[in-house]
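A, B, C and D label the chains in the order they appear, each numbered from 1.
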């Protein structure tokens, strides 16, 4: 049986890479893609997502419009890194129009899909967690109907990439991240910022990967060019831990959802999100000492099979 | 020329070890020991410090009474780990009396000593930083008169040992830690909790060390027994990162002050202390991205020469 | 034309009083009652609301189930004051069953009703603001479709009734209160805790009122007895400012919505909610100095026509 | 017997007025004036204080230098209102030099003076509370040696004059205000910002007062001119509650200390200072519900004898 997935994205270059891996995985069935504000304003996220599906010839996959703002409404975009349009600033004059979007909204769609396939759906979230936070508020039983949740977001060692101690996806909506880590008691796997830094691929692989010949490869090369340049800049290097290299953040969460053997080493620990700190607002907090007395624990990804990752990336652009 | 030092302590078993290493270092001259609340109430700290000096035959070293409370006065002791009396609960009926203490108070004494030896004095702080915080308030020029400051305290990866994200010395007086990291612009070296965990010595060394024959060794064995048992407990292991072993926290700061070659690898970064978080109050914050625009940076200790450490520990109890 | 209203309640004795005033006002048409957690768990709120409608012979009014938890899910009930069941602990064996509830959920119902009657609907909120917060997240244009919003909640002078500085409805879901004050840019009127204390009616009126003869009066007397006793207790008096008396909090918001001449004096000021304070979390903040640069201002109720209030209360139980 | 006083000031026009009232009170003996950063940088405070003493022919009174920075060192001056030099920007070319200052520092001087006259000294604090906070840290028994403490500072109804909810003296050093309200358990009287607004004198009195003929009156008129103009401005009016008028803030605290019958109505309540709020940091918190379980309560001034105030002001410039 195929793995049923919902992808919750803020498409972005790495979200695009994640979507393309999912599309190229023979054992994965994408039941829907829900869009959220994040890397770029929601309008761009919707367009970018449709562009990715078009390149892959999969505009049949339903795309849902989610929230354009975080719960407390101080929006923060990461447009700088992924380009002004969130996808490398290489516009497609023939991009599909938003009339292709579903009528139903993202949070409600998630709930309906999970209800239709109880305990079968894997939710992969690679943007701010606003859609998920509202979904559990609308239906507190939603998390229990999921098979698993994979998140790219948060940090494990107080090494921020957006604020001093905060990772972008969590900082972009700290309250939603808090709600999700508090109320999603399904099996949960987290690819943190520091983990993704430590799991980067060498630039040499990346160069070889992007030089392949195919329509998808050409698209990938085009949308990736800008962020690749930025990733090699001195300022970006300050955000990074453990050397540099090609860090396709969101892909780690998706890859773990696709292949149960992708995660080599993980850690089980209760987590929450700091909401009040001056420098730590939005920081993921790991409760190793079990002081918070939380029953639910998540799996923090520690090491993964990078060879599998390479294969997935290569398949994604074939 | 000998290195002139002031030790600011909350004696504690590991403070005792640090003091004994300093006393046994031929190139170190201790100009004074200033006492602070911390591991145990100030009265015990004073007594414990005098007991250590007595065992080492150095009651000539001036000991100063510092603050019994943190700035905001919510005292927190760590009596559990170091014993009720802070020194393993093995009382000495002939312990020296507090009449041996200096009349001058700790903060004022620090200032006077540094003034008498401008840019020659190394301050080693192995307890909460209350004395240092008030000293710089009393004399803003005090830090500039120091040669260097070595601190045991804070955490670098949000791994707390006292609160979810907070290390004891900083959590015991977060405002003082904040003030010190803000206003001590002399060269500053920090031995963090996570660093000390990663730099632990094997228990086998510890056993061999404590089995040596000398009056000092017997004293060390006696005061260390309780905390050693606790260190091997399951609950304590939750606080620890990177395996277990013998972690003489305070000793790392002192050893770095004694021997300029002790630190093998260090990192220079601006730091501050989170004062407002729910789970992160008292956590040290490292500003790798330079978002705080602080001019002063500190040296975070990364790796040290453990063979040197062993030798220092052995010499300390000869 | 009748005033179209949605009542968002956490029924509660004073919510019950407010509902009964609305029902007895000839110029008011209630389009729906949406229920929220608050004074008592949501299940009780639903039951209590139906009981009130039954006593008034108005079970035709649609009642909608809203959220059982605040956004960040640390539920806080005020069961003590309004009785364990939220309505004076005088159960009705023939209470109507929850099968009478609408299928649609509260937040979605609000949105639909307002859409059907653009700029005609007055929303009166007398419980925690969770339903309203999620509604604006689901449909950012919802507030602009309202004619006006009347809120009972918040405090104007840092005089809490639940925490040191916090009023119950706001403290029960501070994030929702923040969202509503931030995003509801329709004309907004607030009956604060301190205002309600200063506008209390004499006990003598209350005694006379409750001694009237009618089925509704008997019901009112029964459900009010417990909270009246509590209101006269020493502990409750500590919460109160400006003398004692009968303070039907929620009724002030409803009365202002019913009769445009009820408010005699009001103040226009930008407001927000403190989310981070140790003692002030959930406190309403009034920005008299315009430091927050908020465009939208609300009307803070200052004095009202108490004779009108008495008449409304009397009519409500006829 | 004369009342022995220490005045802790950040001179400021209203501090100057307070000092001059104290000097003109036959039953008051000023044992010392301690200076603190605040309205204007410490250097100006020192100079301004000496200028006031010179005009009054009382340069015999010892003046002590206190702290130039708040505990956490984010200095905030109110130079705008009191003029760039803190005293109306009317410099005196023959101002006395700082060589007249005492050698001893403010905090230590306070402690020494109180020790010399146990339970006889009244401390009147009309600036940020840094000197007092450090004094109690240096000598925890200091507050018990005082007869009473009078403070101008804090707010009682969340009406800020500096931040949204914060009054200048408290906001200028919130941690010090917290420490003082926590650890000064002597009888304590507080003249809050809102109280002072409600107790303002009519401008007509002020005009008449300043038109008197004397050297002191001329000095007063000169230094008061600038702040009087500002006080009548639209922007300042936003800070004020309860009408306008001449509000000599600091004078209320001093007058209460001078004349035991000055306070007509007061309220006894436990208080603290909010340290963590986004909009409420530095706000005084009144614990009417006794949720904080503090033993020590302070007296909040409610109404005072304004005729006495007028007489004091008139005598001060004779």
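In this section, a contact is a pair of C-beta atoms (placed from the backbone, for glycine too) under 8 Å apart; a residue touches a chain by one contact, two chains touch by 3 or more.
Per UniProt, the chains are A, B, C, D = Inosine-uridine preferring nucleoside hydrolase-like.
In this text the structure is predicted, and so the values were computed from the model without any measurement.
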item: Intersection of contact partners for subunit C and subunit D; value: none
item: Set of chains whose contacts include both subunit D and subunit B; value: none
item: For subunit B placed onto subunit C, the superposition rotation in degrees, Cα atoms, nearest 5; value: 180
item: Remotest chain, subunit B as reference, centres from CA atoms; value: C
item: Chain copies touching (subunit A, subunit B) - same or different residues, decided at half shared; value: same
item: Mean-CA-position distance for subunit D and subunit A (Å); value: 56
item: CA centroid of subunit A to CA centroid of subunit B, Å; value: 43
item: Approximate Å spacing (C-alpha centroids) for the pair subunit A, subunit C; value: 40
item: Shared interface positions of subunit A, touching two or more other chains; value: 275-276
item: In contact (per the touch rule at the top): chain pairs; value: A-B, A-C, B-D, C-D
item: Partner subunit A, residues of subunit B touching it in the complex; value: 156-161, 163-165, 238-239, 272, 274-281, 283, 285-292
item: Subunit B to subunit D touching residues, read off their complex; value: 67-69, 71-73, 105, 107, 130, 133-134, 137-138, 140, 175, 178-179, 182-183, 275-276
